[in-house]
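Supplied in structure tokens, the structure appears directly below.
Chain IDs A, B, C and D follow the sequence of writing; residue 1 opens each chain.
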Amino acid sequence: MKVAIVGSTGYGGVELIRLLASHPLAEVTSVISSSSAGTSITEGYPHLTGIREELLDDVDPAAIKAKADVVFLATPPGVASKLVPQLLEAGLKIIDLSGDFRLKSPDLYKEWYKKEAADEAYLKRAVFGLPEVYGDSVQDAPFISNPGCYPTATLLGLVPAVKEGWIDPSTIIIDAKSGVSGAGRGASLGTHYSELNENFRAYKLNQHQHIPEIEMVLSDMAARPVVATFSTHLVPMTRGIMSTMYASVQGERSAQDFIDLYKSYYEGRPFVRIRPEGQWPSTKEVWGSNYCDIGFAVDKRTGRVTIVSVIDNLVKGAAGQAIQNLNLMMGWDETLGLQFVPAYP
Amino acid sequence: MKVAIVGSTGYGGVELIRLLASHPLAEVTSVISSSSAGTSITEGYPHLTGIREELLDDVDPAAIKAKADVVFLATPPGVASKLVPQLLEAGLKIIDLSGDFRLKSPDLYKEWYKKEAADEAYLKRAVFGLPEVYGDSVQDAPFISNPGCYPTATLLGLVPAVKEGWIDPSTIIIDAKSGVSGAGRGASLGTHYSELNENFRAYKLNQHQHIPEIEMVLSDMAARPVVATFSTHLVPMTRGIMSTMYASVQGERSAQDFIDLYKSYYEGRPFVRIRPEGQWPSTKEVWGSNYCDIGFAVDKRTGRVTIVSVIDNLVKGAAGQAIQNLNLMMGWDETLGLQFVPAYP
Amino acid sequence: MKVAIVGSTGYGGVELIRLLASHPLAEVTSVISSSSAGTSITEGYPHLTGIREELLDDVDPAAIKAKADVVFLATPPGVASKLVPQLLEAGLKIIDLSGDFRLKSPDLYKEWYKKEAADEAYLKRAVFGLPEVYGDSVQDAPFISNPGCYPTATLLGLVPAVKEGWIDPSTIIIDAKSGVSGAGRGASLGTHYSELNENFRAYKLNQHQHIPEIEMVLSDMAARPVVATFSTHLVPMTRGIMSTMYASVQGERSAQDFIDLYKSYYEGRPFVRIRPEGQWPSTKEVWGSNYCDIGFAVDKRTGRVTIVSVIDNLVKGAAGQAIQNLNLMMGWDETLGLQFVPAYP
Amino acid sequence: MKVAIVGSTGYGGVELIRLLASHPLAEVTSVISSSSAGTSITEGYPHLTGIREELLDDVDPAAIKAKADVVFLATPPGVASKLVPQLLEAGLKIIDLSGDFRLKSPDLYKEWYKKEAADEAYLKRAVFGLPEVYGDSVQDAPFISNPGCYPTATLLGLVPAVKEGWIDPSTIIIDAKSGVSGAGRGASLGTHYSELNENFRAYKLNQHQHIPEIEMVLSDMAARPVVATFSTHLVPMTRGIMSTMYASVQGERSAQDFIDLYKSYYEGRPFVRIRPEGQWPSTKEVWGSNYCDIGFAVDKRTGRVTIVSVIDNLVKGAAGQAIQNLNLMMGWDETLGLQFVPAYP
């Protein structure tokens, strides 16, 4: 299977290159970057010396089609919405890592992304690629919209409880924390080393563009509209997301009950690991891997459950999940090329 | 004013030494450590070379009384409860930075600290030294119990809203994050560099010993029993605490309304800084200083307020607040020796 | 090929587990720890949840022989020297990651390690496993002593120039820097997070036990005794070593001359990457991989060359190189199970 | 004494504001920034909320003169060279933190800074403000050029030994390491958090613009031309510089001999602290303070001394030393406003 990557010089693109290098059935045949076409990818990424030395291609649907069967889009907001129609027209399968096709409503996209939305016809064709929740629709889909990093950690932590009615959806509060690589490679004061090191920062409270994506799935699971409080924070580290989530428990449920429910819901899903009672995952325990680890605490005093969910934002939150979607799209084993042990310490 | 510090070789003690070095009216006349008595403090802390070179004293109430008028206790749990009676007997004024005298109920102490509580008679004599809330009782008190680091950031962020009934106390959720220095200087796997660096970790969910201290004050403010959900996380940095707090708003209140309320409540209190709308403090913005900075977000969609409160855990969360209490106890200006500009970056 | 790991609960052991998990021809059949035998390895390393859940075995040569053909020793100083005779007796092949068998002289070991040396008969049987320098002797060797982390980065950066007489061996100065994981998992004040974060520290100047190992190989290459100045520093990061090396150039040589020499010396050696002129590798560019990257600067003003060499101390500096040695020992392709792209960023 | 700061929105400027806030005799009356004039300094630096809220002034020599007696220039290369003549003309005393007036030779400036040099007449009037070496000329000087951060750490570590002829100047090798704040506040890929965190990087080998400044002073001390090998590295931390320096010892000298020599040379100089034998300073041990700490190792095997010198690059390497120069310029006690205990941890 020949694969092209558009947006190869961003962190998402370069992580796709890293992971696909050990995929047994997929081969990257074109690394593409509109901004750096014609230069070697090792100029910006010397760690690829001796691994990938070829020049970066420009974005050209016909040329892509000549070289590849599947294309990953790891592009900034607003790029995929324009590219996808041409790529689909050219007969390519697509996995879009950007947010352009995640929301089904163009109005919602415009409201949260402050940009024009993609054509609604194409929005409808995109399958939301969260395999552990929507695995059946991912199977054989030709066009997949890969979930955001925060929504992946958050939804895997909330879906079983919401779906089963074990928590009151109107009480959901999500306190999320991310490493800085989630902000991409663009240099700015907000990602300047001296400003972030030895610092912990809250940002975009109630305003993050991942909010409608989270609510879309929670509403689907609850079968009624759900709005949630969602906060984001920057942690002085490169990789990793933790969502600490709170909700009121419906009925009498212990942490062990939640553990049993989640183990059963994620049965046969190799990338979700449920932790034993009293153990909560830390982000380093999934570093560099495609795992999402989840732990629980139930507080009898307040009647609330606390759910801790962690991922590597560049793997399960981006490139790894995209490859998982590729595997499912092709009918392959979900874990192909993704059986990395987390790099610890 | 002559001052002794018991527990001088812990991070709290050494921070007292740093801050008191520029206090115009207090002089440290005895640095005390039961574990290192007879050695120079520079052996363990070479940064004090040329600043304090004298030998550490042993813990001896009579000797302390001979050298000092006020004693700071920066000791592990269970030490102050035994020392305080002798020190009070000896006629010393006391500021205890440990948790031994914060809770008025011995049973509560035993339940959360898993240790024997101090004698109830002495528990009653300790004044809870959160000056911005209990300033009147701190004034002239001979024995002050200095609040914990998490409670300081949390309570300063919640008290005005709870007191005024602007938030529903039964909905309070506190998601707290701390730098690693809060764990002290004792080496363990839990504070081992390679385990914490590039890692974000949740711990002691619903079990932290600061919970009853927070609830004690919130209940006092609400004039009814309050229980709260409280989570703690370790951030890969040395100093700084952020409490991100959530609650349902009672009535129609904007972020600006909260800002106005808090500015009015903290009027004349130099160490609390309320941020303008849309701005949330980060921990580095108070690094090394005695400030507590607070920002707000109100979400009309969910009817909740998010309150972000930050401190330096070793200053406003420990040694700085202890000196602020000393100043008030002595009838001095609250800011003496504490007018540090945060060290940024 | 069945493989056992003694010392599985140290960072070297757990990195062997990570890397061997994707080795196509080797299978870990016994994870061994004398200190934690009988417990699950996931107790100390939750990141292995679902990957390796079995109980840790105790150290028992007969039992190891029953389960494995090759044994990796990732043990503290002084352990391998006692174990190796029994394991060789039992007919096992051995790759020792500790320093016990690197120095051929028992006196030198005693002097630098402050411990009793291994039996000289066994010292003689150990092959020093630096494949890019001593590849021929590694081939088919039944007992390999894996080089230290600092020596690996340093020697790969110096050997070609010393061997060819391009630098004056009496002028060699090595300024080495390491991430903290090199100190292992044992908690101490020296590896305490708050002491190392936002700190850069020099240690063991002229005293590091890796000095005789470096000088042994340099002397071999120069065909005369070489002593070198060697300094070590702790960098506030987990993984990575950089050796910055200085020496006077013999004859007229440009940086490009050095590049050409090294490219030619390391021809066919996939894990050494020589950087183009004006580019010096940083540690993150080899993070998680088995690469050693080397760059050069020649200063006409001073007549000195500066050589920068980087590795991941846990991979090329320990577990990765050990697996490379396994591959060579077995006559396999050197890169089996080691074709990781560095994890960047 | 009224003081103005030009370049108030850079890290050097904002550190001047921090330190001068507790200076007993100097008062900052104008904070100036050409790029941000008319806005509040708290917009870019919220940590100054409630401390300095006034608007930033534009650069106007007459207006500065109306408000201040002394002006600090904390400006990028090439700015001071144009401003200084006007400011001197206006009768202002000047302390320039930039590199524009450090080198006496315009050609050398052009060669290393790749910019036009300042007018030679003004170059001659600037006094090089390294008080521990050139204290006499600093006294009463109206125009001081503040040394660079690397030169400060390096020269304080080398001057006594070079001056006394204890080391061979032709053998000097300087391996320097800096925290990232030395690169200033301008955002770029080179200071992007995800690129620097968990990374150690060499840069500008033999090319750093501080080389001629170091050689100028060493040549002065040796009374003959000295060229030195000088390497710079970026450490994943915000503040701190360590220079590890190597040279061949002339004659028989022990580490203790060096300690005695340096103690004697720096007698009466409060900001240089010489460490006892076997102890080398780490950067955190001077964090936030104006100290330069120095330690020694002498290796009989190689005949070399290793000198370790550390400073906080923003304090002794910039703003602190500038204030020390102000104190000396005004005939005040050298330590006024600078008696900070290092912030540890």
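Throughout what follows, contacts are C-beta pairs under 8 Å (C-beta built on N, C-alpha and C of every residue); 3 or more make two chains touch, one makes a residue touch a chain.
Note that this is a predicted model, so its numbers are computed, not measured.
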Pair with more cross-chain C-beta pairs in contact, given C-D and A-C: C-D
Can you name the chain that lies farthest from chain D, using the mean of each chain's Cα atoms as its centre? A
Length of the line joining the C-alpha centres of chain A and chain D, rounded to whole Å: 45
Find the geometric centre of each of chain C and chain D from their Cα atoms only, then give the gap between the two centres in Å, rounded to an integer. 39
Whole-Å distance, chain A centre to chain C centre, using C-alpha means? 36
Multi-chain contacts only, two chains or more: what residues does chain A have there? 11, 179, 181, 194-195, 197-198, 236-239, 284, 287, 345
Across the complex, what residues on chain A touch chain C? 11, 14, 17-18, 21-22, 45-51, 181, 197-198, 238-239, 270, 273, 275, 279, 281, 284-288, 293, 339-345
Please output the residues of chain A touching chain B within their complex, sorted ascending. 173, 175, 177, 179, 194-195, 197-203, 205-206, 227-229, 231, 233, 235-240, 242, 244, 246, 280, 282-284, 287, 295, 297, 299, 301-302, 304, 306, 308, 310, 345
Chain B - residues contacting chain C, complex: 11, 179-181, 183, 185, 187-189, 191-198, 236-238
